[in-house]
Every structure is written in structure tokens, then in C-alpha cells.
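Here come two complexes built around subunit A, the first alongside subunit B, the second alongside subunit C.
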Partner chain A sequence: MTLTNVLEVDGVVKSFGGFKALNGVSLKVSQGEIVGLVGPNGCGKTTLVNVVSGIYSCDGGSVRLGGKDVTHLPAHKRVLFGVNRTFQVPKPFKDMTVQENVELAWNFGGRHGSLRDSVLGTTGLEDLKDRVTSTLNTAQQKRLDLARALATNPQVLFVDELGAGLNPSELSDLAEMLRGISKLNVALIVVEHLMGFLEALTTRVVVLEAGKEIFEGNIKDAIRDKKVVEVFLGG
Partner chain B sequence: MLFEYAVVAGVLFGLFYAFLSIGLNLVFGVQRIVNLAHGDVIMIGGFASWELYYTYHISPLLSVVLVIPPTVLAGFIIYRLIDGPLSRAQDPEMLSLILFFGVSQILEALVTIFLGNNQRSIPDSSLVHGPVHFLGQSYPGVWWIVAGASIPMVGLVILYLYRTKLGTATRAIMADPIEAAAVGIDVRKVSAITFGVGLAITASVGAIAPFMIGGVDPSEGVNLTILAFAVIVIGSLGNIGGTVVGGLIFGVAFELAQLYLPSWSSLIPYVLLLAVLLFKPSGVLGKRVRSA
Partner chain C sequence: MRSEEKLGDIPAKSGDRQMTDKGQSLRGLGSLLKRRNLKDLLAVVVPVVIFSLAPHFYSNEILLISIMIYVALAEGVNIIYGFTGYLPFGYVGFYGVGAYATSLAILDFNLPPEVSIIVGGAISALVALVLMPLLRLKGSYFAIATLAAAEALYAIIGNPSLKSITQGPYGINIGSVYSSGGSYVVAVVLLGLSILTVIAVKRSKLGLALRAIKNDPVSASLSGVNVVVERTKAWLISAAIAGLAGGVFAWTITIFYPSAVFDISISVFAIVFALFGGVGTTMGPVIGAVVLYGLYSYVGVTQPQYFQLIFGAIIVVFVLFVPKGIVGLLGTAINRLGSLGQRQRG
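Our next item is the complex of A and B:
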């Protein structure tokens, strides 16, 4: 079976003043695939997420979603083209309930989707749907962030350090949840520091260092790769 | 009995102050724009009401509604013009301060050039004849009419924010514009509309403000901006419900000061502003101290 590339990032460049945060990064992801995006702090992972999701405009290269060039589209239009992301520090709309947050996302970003009613169940928030979001703890806020992104019916979803701060049991539940989401044909790019967590999810990883891709391939090979080891362990 | 009079008058003025300030809070809440021309927009609404009354015999109460459509349109256009420079600025709040200070000066100068610098007033009889008696006291009838008009206008803003799709998007942008974009909201478009709505509400209160502040003149903008700013800081910046609370606190405090310390009463806006900034910087209804 041939899998279609739903996301094609080609030679993306992003600079902040004189600092090149991304220097020609390319990435292809297929429908329903899970890819790990790893690298040390400041290597450009979140910048890449911001560029692909349209929060930042890029200085070079291109981003294609489902074959369409979305490089110059603003963030809200890219949501309609099927790309979304979670945030490292989630900021739910605080004077709204969990349900209202998800409804808002469905109303503006996911009208064509059928996920609205199921995302609360998928993310384990069904019992909290009437809670005002300012009363949620960080883990619950992260799940709401994921639920809101899912409600926009994405084909490509960046999950930015969702596992940070979770205990092993919570990480196991999260891995199960993400596997379930990928089975809905959503391509997941999981940005994470926790290699063990990624191993439970996928075999394919992309490693960034100083805005450049230094490795792409099997996670087991990445762990043995000289360059990757140098980057993570300082040689 | 004088105490009761001051409290009732304070509540009536408090409702008016809430109406007078809500547009400023809406505009600040969405794009962190500090609109120093807020009072000048009220002044223009006042002159429009004066002109409509004397030229076309239109009631100022009707002018409250009539000034809305052209101001929404003007606000939408102005926002589109300033959005680019503001979104590219390193410190958009400071830029908006400078930008709207300039707008304020231009509006005041233009109105002075075209209409002169005389104070104009609209007779109370255009709204109501005679006083209103309440709890054994007699109050100017226009106070009750203006306070009565303020309630549905403030209510409409709250309904807009909490019961419409556009209003919900506005609240999402107030919470976090980046997260709002991430759920598919066109932040630029919704912000432009909200800016227009904020200006329209502001011009709208101007149509009846002359009855509460004694008239309308081109130089009144600065004082009205300070008053509105005090009200929204007391209530909580960016919190629309807080504006109502801020207006009522300000109104009652001002009337009580006029009763017991009349020569000090003009200091009330500044004293309340300082007290809130010192002891509860997030405002009476604020949950946390803002970083911005």
C-alpha cells in the first residue's frame, strides 16, 4: 500500500535577527504516521512547529499540506487545511468550560469534521466537560489542548512535549491515547525529550541540532548514531 | 437622607460610567490597544447628537443607535490601517499609546476648526420633562433616562460577548490571540470588528453624555479618557464584567466625596486608580496580576 504524504516541509529557513533558528529543514509525513521530533533545547523543534502551523512566517522553503502550498497562509487558514498543534504551555480559554473550549474549536476550525462529540471521550475529559478551565490542573489542561486541536479535525497534528512532567503510568496512558488518534488517520509529529516514551509510540524519528536535521530514521539507529549521541551527551 | 441621595445618584452615574468605559476595555482587551482618543470619540458622539437634535430634531436617545453603524465602519477601517504597524512593533502597547495620543490631538483640533471651541448643550426637555422622585428625594429626570439607556447598551455588549459566535471568538482572542488562531479564528478580522464595535459603543455613549457632564466641547476628551481609564482599571483591565463594577464603585465614591469632601472630589479618579494599582493591581474582579 502506498501512503500519501499529508505534510511536506521543504528546506524551511527561519531567522530571528542574526540567529538562524531553522536552516533548511525538510520533513515528510504520511497519513496516520507517527514521527518523533527530537533534539536538545533550542535546536529549533518548537520553531518548526510554529512555522508549519503558521504562527511564524518562514524566510525560505515551503510547506505543503495534502499537496497544497500553504507557505504564505496565516495560522487560522492552515487550521482549515488540516494542520494543528498543541502548545508546550497550554493556555485554555480560561473563562470558558472544557466543553465550550472544544465547541469553539469545532465551530471555527473543524466544521467538516465528525470529531466534536468524540474528542472529550478520546482525551479522557468527558467527566470534566462542565468544569471551567481555570480549575484544571496542568495535565488536564494539556489534554484539553489536545482535545481542542482534535476538534478542528486535523490531518496533521504536532504534539509539543505533551509528556513533560507526567509519571510513567500517565505516560503509558498518553501513548495509548496518541496511538488511538493516529488510527483515525491523523499524522502525528511528536516533539519530545523522552526517548523511552517515543520508542513506545514510533520507530521513525527526526533529530534536529542548531536548526538543521542531523538524523532521520529508525529510533534504535538514532540511539547508536555518533552525531546524535554527541548532541545529546556532549560527546 | 443626603447619604441615600448620594448613593442613588452614584448608582445612576455608575451605570453611565460603565457605559462610558466599556468600549475602552473592549478595545484594550482584544489587541492591548491603549486608546487615548477614547474621550475624543465620546466628544464626537456628543457633537453628532447635538447636530442631529438641532438640525433634524432627532432625539439623543435615537442618536445613541444612529451613531453606531458609521463608527463601526470607521473603526474597522482605522484598525486595518494600524494593525500592520502594531503587529510588527516590538512594543505595540507603547506604539498604540503614541499613535492614539496623536489621533486624540487631531480629532480635538479638527472639531475645534470646524465647530469652534464653545461648549454646546442639549436641553433636558429633549429627553424628559421634570424631575423623578425616589425614596423622598428629587433627581433630574435625565439621570434616570441616561442610566436606563446605559443598562441595555452594556447588556448588549455582554450578550454580544457571551451569546454570539463572534463574541465568543472575541473572548478567545482576549484570552490569547495565538491560541485563538490555533482553533481557526481569524484574529485580524475579529479584532478589526471588535475595534469597530468598541468605538461605536464609545460614540454611542457620547450621544447622551452631555446630559451627565453638562455639555459637549472639543477639549473634554482628555478628562473623559482619564475617567474611563480609572473605571476599567478599578474593575479589571480586559474584564468586561469588571467595567460595570468599576463604574458603580467610581460613581458611588464620587457622589459620596461630593457630599462629604466636595473640594476633594475631583481627586477621586486618581485616588481610586492609585489605591487599586497599589493594593490590587489586577482590579477588583481581576484574578491575577497582569504581566503586560
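Our next item is the complex of A and C:
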């Protein structure tokens, strides 16, 4: 079976002053695939998420979503081409209810989907839908980020450290939820430090170091790779 | 093509219970909407009826019209500041442009005053469109830039070399169309329209988008909101309201100098009234304008220096500590009393 690439990142470069946060990173992700994005702090993971989602413009290279070049489109237009993300530090609309957060995303970003009524159930927020989001704890706010992203009916979804601070049982529930989402042909790029979690969830991982890709493949091979071990354990 | 499958296909853990809850929540939603409709209806009807009947009990129509104009200005500030967080210290610029555009439409094109006021609102919105780049600025930079823009408009309109067009610093006279009754009716319409506009914005997708943008523009754009376009809509609506208010002022007063309609204190008053009553609410600016302008008219005219001090303190205190104003405070108190009562009954 041939899987279509829903995301193609080709040689992306992003600099902040003299510092190259991304130095020619390429990445291809197929429909419904779950890919891990790992690397030490400051290696460029979140910058890559920001560039693909349109928060940052890139200085070189290209980003294609479903075959369409979106390199120069702003974030709100890329959402309509099927990319979305969650945040390491959650960013809910704090004076709105959970339901209003999702309603907004569905109204503006999810015109082609019909997910409004199901995302709250999927993300376990159904019972909290009338709560003002400032009263939610961090884990709930992260799930709300996920619900809001899902309400836009994405084809490609970056999940940024959703598992941080969760216990093993909660991590297992999260992995189950993400698998369920990927079965709907949503490609997931999971940014995470928890290797065990990634091993249980992903088909392959991409390892970044200093803005460059140093490994791509199975996580078991990654753990044996000399370069990867050097990066994580300092040689 | 994007996937049309539903995430609902993932089995819900409590599917049966959800069906029952859905019926109950739909009924709850129905009664909530009815309550909201009634509340919004009263928010428009009560002030309009009160101000329509007021001249039968109180003869100072100029004061009543001034209060209505300030309600409209405070509601206009509410739309741009309350919904987007952009504080427009130069808001008076649109008011002045509206007053002059209305007057010139009457003098140069012989349009009826009612139509000229609409022209005033439209021209103010047009000026706001030209000033759209200011929306790239944030916080105090935006506030100061709008102030500079208002001063620039004042300098242009009051320029002696433009005497043949604007009559420069020598003032403008539209006394030939003076109509006390006519301007009062239009002021009442302006009052109702400004409140109705805030309700419409609050209840629309635009209102939801503006609240999101105020909370977090990055998250808003990732929800598919075009931040620039939605913010511009609020800016234009707000400017048009100020322009209409300026037009009503022009028709009421009929003879005025540029300094009277480009006075920075008009911006300050509108901002203070909106903040005091509660920005982001419908009734806050109405309450703020009626209470504070009423008070100012009785006490402040003789000793204005104290009011400048008080209004300055109100801006600082309300922005920092009471961002939802009096209406927000009352709402919190009512909610607390309600939950206290529930606990006691329980």
C-alpha cells in the first residue's frame, strides 16, 4: 500500500540573529503515521513546529501540506490546509469556557470537518465543557489545546510534550487516545522526551541536534546509534 | 483533500450517559438563550425608553444628549478596547472627523442632517482604514500613536490654509439646520444603535474571535482566525460609532471650533466611563457614562481639577485591579451570593 505524504518539509532554515536554530531540516510524514521528534533542549524541535505551523516564517527551504506549498502562508491559512499543533506551555483562551474554545476553532478553522461534538469526548473534556479554562489544571489545559487543534480537522498534528508530568497510567491512556486519533488518518508528530512513551507509540523517530537531523528510523536503532547516544549522554 | 471522518468514531467511554445529558443540556441551552435574549433586549430598551421620556421630566436636553453621546463613545471604546485590548487614547480623532464631515456634508452638499451624520460615521471609518497600520503596534505604543494621529487630524482640520474647505481654526456654523427635537431623536437612535452594536458583536463570530485575539493572538490564528482582519473590523466599527457621535454633537451644538471636537479629554472621558462600568460588557459603558458624567456635570464643572485627578486614578485602578469594572464586580458578588445560598440550602 502506498501512503501519501501529507507533510513534506524540505531543507528548512531558520535563524535568530546569528544563531541558526534550524539548518536544513527535512521531514516527510505520511497519512495516519505517528512520528517521534526528539533531541536535547535547544536542538530546534519547537522551532520546527513553529515554522511548519506558520508561527515563524522560515529563511530557506519549503513546507508542503497535502502537496500544496504553504511556505509563505500565515498560520490561520495553514490551519485550513490541515496543520495544527499543541503547545508545550498550554495556551487556552482563559476567560472562555472549554466549549467556547472548541467552538471558536470549529467555526474558524474547521469548516470542512464535523468534529465539534466529538472532540470533547475524545479528549476527556466533556464533563468540563462549561468550565472557564483558567480554572483547569495544566494537564487539562494541555488536553484542551489538543481538543482545539482537533476541532480544526487536521491532517497533520504536532503534539508538543503532552505527556510531561503524567504518571504511567495516564501516559498509557494518552498513548491510546493518540493511537485513536491517528487511525482517523491524522498524521501525528509527537515531540517528547519520554523514550518509553515514544517506543510504545511511534513507528519511527527523527532526532535533531543543533538544528540538524542526525538520525531517522526505528527508536530501537536510535538508542544504539553512536551519534544519538553522544548527543543524549554527552559522549 | 482533508479527512471527513469523525473523531466521534472513537468509542466514547460513557456513550449512553452522553445521550441523556445531551437532551438535558439542550433544554438548559434553550432557557439560557431565552434569558440572554431578554437580558440583551432590556439592555437596549431600558436606556432608550428612559432617555426618550427624560425630556418630559428634565429640561436640560443638552446634558441628556451629552450623556447619550458619551454612552455611544464609551461603547465604541468598549468594542476596540474591551474586545481586543487596544486602548485608543486618540479615539477623539474619529469624533472630530465625524463632527466636521457631518457639518461639511450639510454645508457643501445640502444633505439633510440625518444623512450627513451617517456620512460622518462613514468618513470616520474611512479615516480608520487609512490609520490601519497603527494596529501593528501594541499596548502603550498603540495608545500614543492614536493620540498622535488625533493631533495630526486636529492640525489638518484646524489649519488656517484650509479655511476654504474646513474653515480652519475659525470654527464651523451649521445653525441653519438647528433642530432641538431632531437632534434629540437622533441622539436616542445613536444610543440604541451603539448598545445594539455591542450586543451584536458579542453574540457574533466576530465577538468570539475578538475575545480569542485579546486572550492570545497566536492561539487565535491557530484556531483559523485571521487576526488582522478581525481586529480591523472592530477598529472600523468603533471609529464609525465615534463618527456618528461627532455628527450628533455637531447637529446639537451647530457652532463649534476644532478644539471643541478634538479635545483629548473627550477620549479620556469615554475610556474612563467604559473602564468604570466594565469593558467587554454591554451595560458597563452605559452605567459608567450615566453615573460619572452625571456626577461630573453637577460637581465637576465648577471644580474640574478634582475630576481630572479622580478620572486619572480611575484609569490606573480599574485597568490594574478591576478590569471588568462595576458590572464585573456586581456579577462576581451575585455569583458568590448565589453559591453561598446554594451551600446553605444544601
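Just so it is clear, the second predicted complex is superposed on the first by the 235 of 235 C-alpha atoms of A that agree within 3 Å, B and C clash if a C-alpha of one lies under 4 Å from a C-alpha of the other, contacts with A are read in each partner's own complex, and residues count from 1 in each chain.
Here, a residue touches a chain if its C-beta (ideal position, glycine included) is under 8 Å from a C-beta of that chain, and two chains touch if they have at least 3 such contacts.
Predicted, not measured: the structure shown is a model, and the values here were computed from it.
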- Check the residue A:Ser53 against both partner chains and state whether it touches subunit B (first), subunit C (second), both, or neither. both
- Message: One more residue to check, A:Val186. First (subunit B), second (subunit C), both or neither?
- Response: second
- Query: Looking at the overlay, does A:Gln155 come into contact with subunit B only (first), subunit C only (second), both, or neither?
  - Reply: second
- Which partner reaches more residues of subunit A, subunit B or subunit C? C
- Note on the structure: Contacts of subunit A common to subunit B and subunit C in the A-superposed view 53-55, 74-76, 79-80, 84-85, 87, 91-96, 100, 104-105, 107-110, 148-149, 151-152
- Note on the structure: Residue positions on subunit C within touch of subunit A in the complex are 1-10, 12, 14, 18, 205, 208-209, 211-212, 215-216, 218-227
- Message: Help me check something: in the complex, which residues belonging to subunit B touch subunit A?
- Response: 165, 168-169, 171-172, 175-176, 178-188, 287
- Of subunit A, residues touching subunit C in the complex: 53-55, 66, 74-76, 79-80, 82, 84-85, 87, 91-96, 100, 103-105, 107-110, 112-115, 117-119, 121-122, 126, 148-153, 155, 177, 180-181, 183-186
- Item | Residue ranges of subunit A touching subunit B (in the complex, touch as defined) | 53-55, 74-77, 79-80, 84-85, 87, 91-96, 100, 104-105, 107-110, 134, 148-149, 151-152
